[in-house]
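Next, two complexes with chain A in common: one pairs it with chain B, the other with chain C.
Our next item is the complex of A and B:
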């Protein structure tokens, strides 16, 4: 079956088998390996992409259902010269260790801040609860989100011992 | 390293700065190529046929139905292993593929290579494996009684007749924990066309992989190049081989590149876990709370193959008492062979299990004595000049046990909460818990661990520093798994050279000698010192050749005058120096477990604050504070990152993380069922760094990344005990343990 979709503003076409997920199509058919495949079950968020304006786990979307969809992946966030502010904040706050969760978290954060730029710290925690990170313990992730919001960071201010 | 001084003026990106990782931008943009993202022209996909029984005799394997499928290129079994048929870091007792028997649930029996992953998966399923199931051995005491022992370590120190007036006893259990690195195992093997192979696979020590791979593949070590890899986390789980030998065999057989990627369920059976522990303890003290005697028996579940269990049990045994003085200590540590999943390294490496038990014992003792638990710990705190309670080793270097305890207690407690926001209540958005039912508890624990390899191991790290007109490059085979060693090495070298233009090059096994393992909290000191020594020689050579007194990115200066540019200095070729750095030698233990077994030690203290819903047994970990010995923080932001991440893993093991085993079968081998802390579970972390410089670490630094995990688990469980008045002798604590009351004995 042939699937045509728009990925990061470009029209893309792929020949896919019936079992393939959107994640598989992105990674293996279109060569966009930014989204990761850590659980295959919608539990970890490492495959997060924006799909027709919604944040989804690409591992749970069947390729056939992506026909005609508009998809933004982590590769589509930065423009040619500048990082997206969320990406910049993740780097600055040390929210990247192994980095395997990072593409999913960056996409989820960018989506959150588009929808709810003034999300409270509790709302941020709730919104990112679908993105597992095994390395950071999330402290630096939450500081990065706050930094990207342009807010002062009460948790970070008294962190230095 | 006292002769090294930081060059003036302070260099950009040197020691003490929160330097950003060079791989940060590729990681946030999705361009960083992890193992599973790799691709080679003409590559095939591998898949693994596993046996989903914990113990069986293999009656028959028939590969013909798999080979008959279109698109399948090879199906290999243990009979196809070209060389030595067993692997393992110390004892090579693990068959490359199951041989005659299946010894754990999910053991690999055959591997296939096919045109695409779906065909490979179907082919793996098509391999006929006929089994006669056998009774699995999964009980630790039974394994000990049957002599299924990888290693027994006795410690006999002091007077067997010594006794204290106050006695507390307990039995403690810690469940199996999965490292659950987010990247699953993946790898790529590319044959070189001359009988050799280039291999990218999940690793923490390429040279130890090389030894095993060359033997199994019947190749000269020079024919196998184990490449530095880009993996999504490790935490110990990459110390032992997973799919490397399999893909290398397939690639060499077919003379084509072969890639393999485990799914999450395979990953659960494809990497080692933290050993489950069963521990009996008896502490005796005098009326003032000074420890007089500790007896302990520690049983660790190694699974069917030894892997690193012989070293893990050494940590359990030698850190059985924790960071306390005691002159009469009698411990028996056993690493046992069972049909549970293979255990190995995980953050803390065997020191965590006894820390859970011994810290619970300290709280019981404090209770028995009517003493504050902090006061009891301070009265016994070990420091420089004392002897390690188990081995009798003199503590020669700074060990700020007292200071980490005092610094954690000095951190203000979080404010009591009275709001009804569900996220601030146990049970969260489940809306299960009214505020007036919530009970707060506070608990403490202190952890002690060794740094680097112990027990006489020849532990070294190589590094080569090369100075060219473009700056300096540090070559190393040390593995960066996300922990940030890449910046630490560069920072050390910048501070030595006085240059900002320093990069780290990760070499394969054919380009440089071993850096040793990225484990045992060792690379900051080991790879760091190797780089420091190499850089010091390069600097001295450059100053001599250039005729000046200091170096920077421009070249060699004498006073305020640039006397030789970098380009002129290196016109005849780079200035370089190669170092093999060794830490001071250690002893093997004598028959009583005595000796100078360890190079150095580190210590941390945790305080956990929890809110408990006693009706439903739900726990919210509100905050964890830590006082941590770091020697000197080379990169403070990264030190905090290791602390926060390590604490999340330790608290996960206290309240949710358990590999649920049912007669050897894993009942929760997925992220739906194996729960990891999320943003809603992870506590706020407050950290106080205690900086007493190490006399031998680079710029005073110590390894530090294991302790945040170690004593977090007992601190959280202590806090739940404080809230519930229950004994809670098992980690993790389940809701039913709280609701249904005392569970003092293991089933």
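Our next item is the complex of A and C:
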């Protein structure tokens, strides 16, 4: 069946099969490989996208049910010349090792800072609890979030994650 | 695969009338895991998220489409507490109470709350509506009384809910865990206490002997708490699986029930 949705501000259509997730359609049909395909069961958050204003796991959205939705993926965050402030902060803080988790974390952080810019360090941890990183140890991720928040004292970033 | 995306209850019920065997899709947080990993291939899907009637929350009536994110911000302390333990923000943004009931996992986190307050499950099909007590709806692991052509419309809570209520859950991490044991306790001003536990039986269970012990007491002594804990441990029927052994669950159920009750007692 044909599904029409808005991805990063552009109207897109895709031919989808019943079993396909939004993640699959973004990656395999629309060529947007930013959202990563890892667990396919909502556990890792590497496929996080913003779906009608909410942070979701794209692997758990049935593509056929995404008709008419507005989706923002990591590709939609930066403008033509500049990185999104959250991306900048992740780069500056070295919050990336293999990078597999990074698109999901960046999207989740960008969403958090839109919804709740003054999140406390504990609230940040709770907000990112669904995004797993097997490399960095989270300290640098939390520092990046604090930097993106504009906090001078990233309290809690060096606590054991 | 064929998909229907109804916008209101009438359209939904008409759709289900013509496809009584259709698979219902709410937030997809259980169903899509099944589709992705078990290669479940539904032939007909009826998507529920556009049906406004299912998203209503009107005092004691909570629509099936109400998400954990909304429960977290809602008026019932134990429901808010349990919602906050579910999955991650991504899961809480889309996962619904109707989906938790539809899945009917023995570990479903809304179920101890619904059982402790004696909620009813409201289901509808074209031209018919039924209200089932929670234990008449939850029949076993992943098994409910829902008939082909029916949809869960929501849950009806009793008119007055005890203000003293608490939910607690044991798992290996604070976030993203399915309960090893979960528990909800509610206690009236006059001491009447109800307790329900999940993941320690085929479906959520109440433990009447333990309830009775503490219900007649305004003051609950330490000895009585010991006895309460023992009665809960004796009454549950857990199994051993990859999350925990039968013995651990039995012990944990007693301890968790006691701590949850303590939170409902005056300090």
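Structure notes:
Keep this in mind: the second predicted complex is superposed on the first by the 153 of 161 C-alpha atoms of A that agree within 3 Å, B and C clash if a C-alpha of one lies under 4 Å from a C-alpha of the other, contacts with A are read in each partner's own complex, and residues count from 1 in each chain.
Methods note: contacts are C-beta pairs under 8 Å (C-beta built on N, C-alpha and C of every residue); 3 or more make two chains touch, one makes a residue touch a chain.
Bear in mind that the values here come from a model prediction, so they are computed numbers and not experimental data.
Once the two complexes are overlaid on the shared chain, A:56 sits against chain C while remaining clear of chain B. Judged by the touch definition given at the top, the superposed model places A:126 against both chain B and chain C.
In the superposed model, A:137 lies in contact with chain B only, and not with chain C. Legend: residue contacts after superposition of the two complexes on their common chain; A:100 is shown touching chain B, with no touch to chain C.
Looking at the shared chain after the overlay, A:43 reaches both chain B and chain C. By the touch criterion stated above, A:91 is placed in contact with chain B alone, chain C being left untouched.
In the superposed model, A:17 lies in contact with both chain B and chain C.
Contact with chain B, but none with chain C, is seen for A:77 once the two complexes are overlaid on the shared chain.
Comparing chain B with chain C, more residues of chain A are touched by B.
Common to the chain B and chain C contact sets on chain A are residues 17, 19, 40-41, 43, 126, 129-131.
Considering their complex, residues 1, 17-19, 21, 40-43, 45, 48, 54-57, 59-62, 64-65, 67, 108, 126-127, 129-131 of chain A touch chain C.
For chain B in complex with chain A, the residues that touch the partner chain are 18, 20-21, 23-25, 27-34, 36-37, 118, 179-184, 231-235, 261, 263-264, 407, 421, 423-424, 429, 481-484, 636-638, 640-641, 643-649, 670-672, 676-680, 682, 684-689. Across the complex, chain A is touched by residues 1-3, 5, 25, 27-29, 31-33, 35-37, 39, 41-43, 45, 47, 49, 69, 87-91, 93-94, 174-176 of chain C. Residues 17, 19, 27, 32-41, 43-44, 46, 73-75, 77-78, 83, 87, 90-92, 94, 96-103, 106, 122, 124-126, 128-142, 155, 158-161 of chain A touch chain B in their complex.
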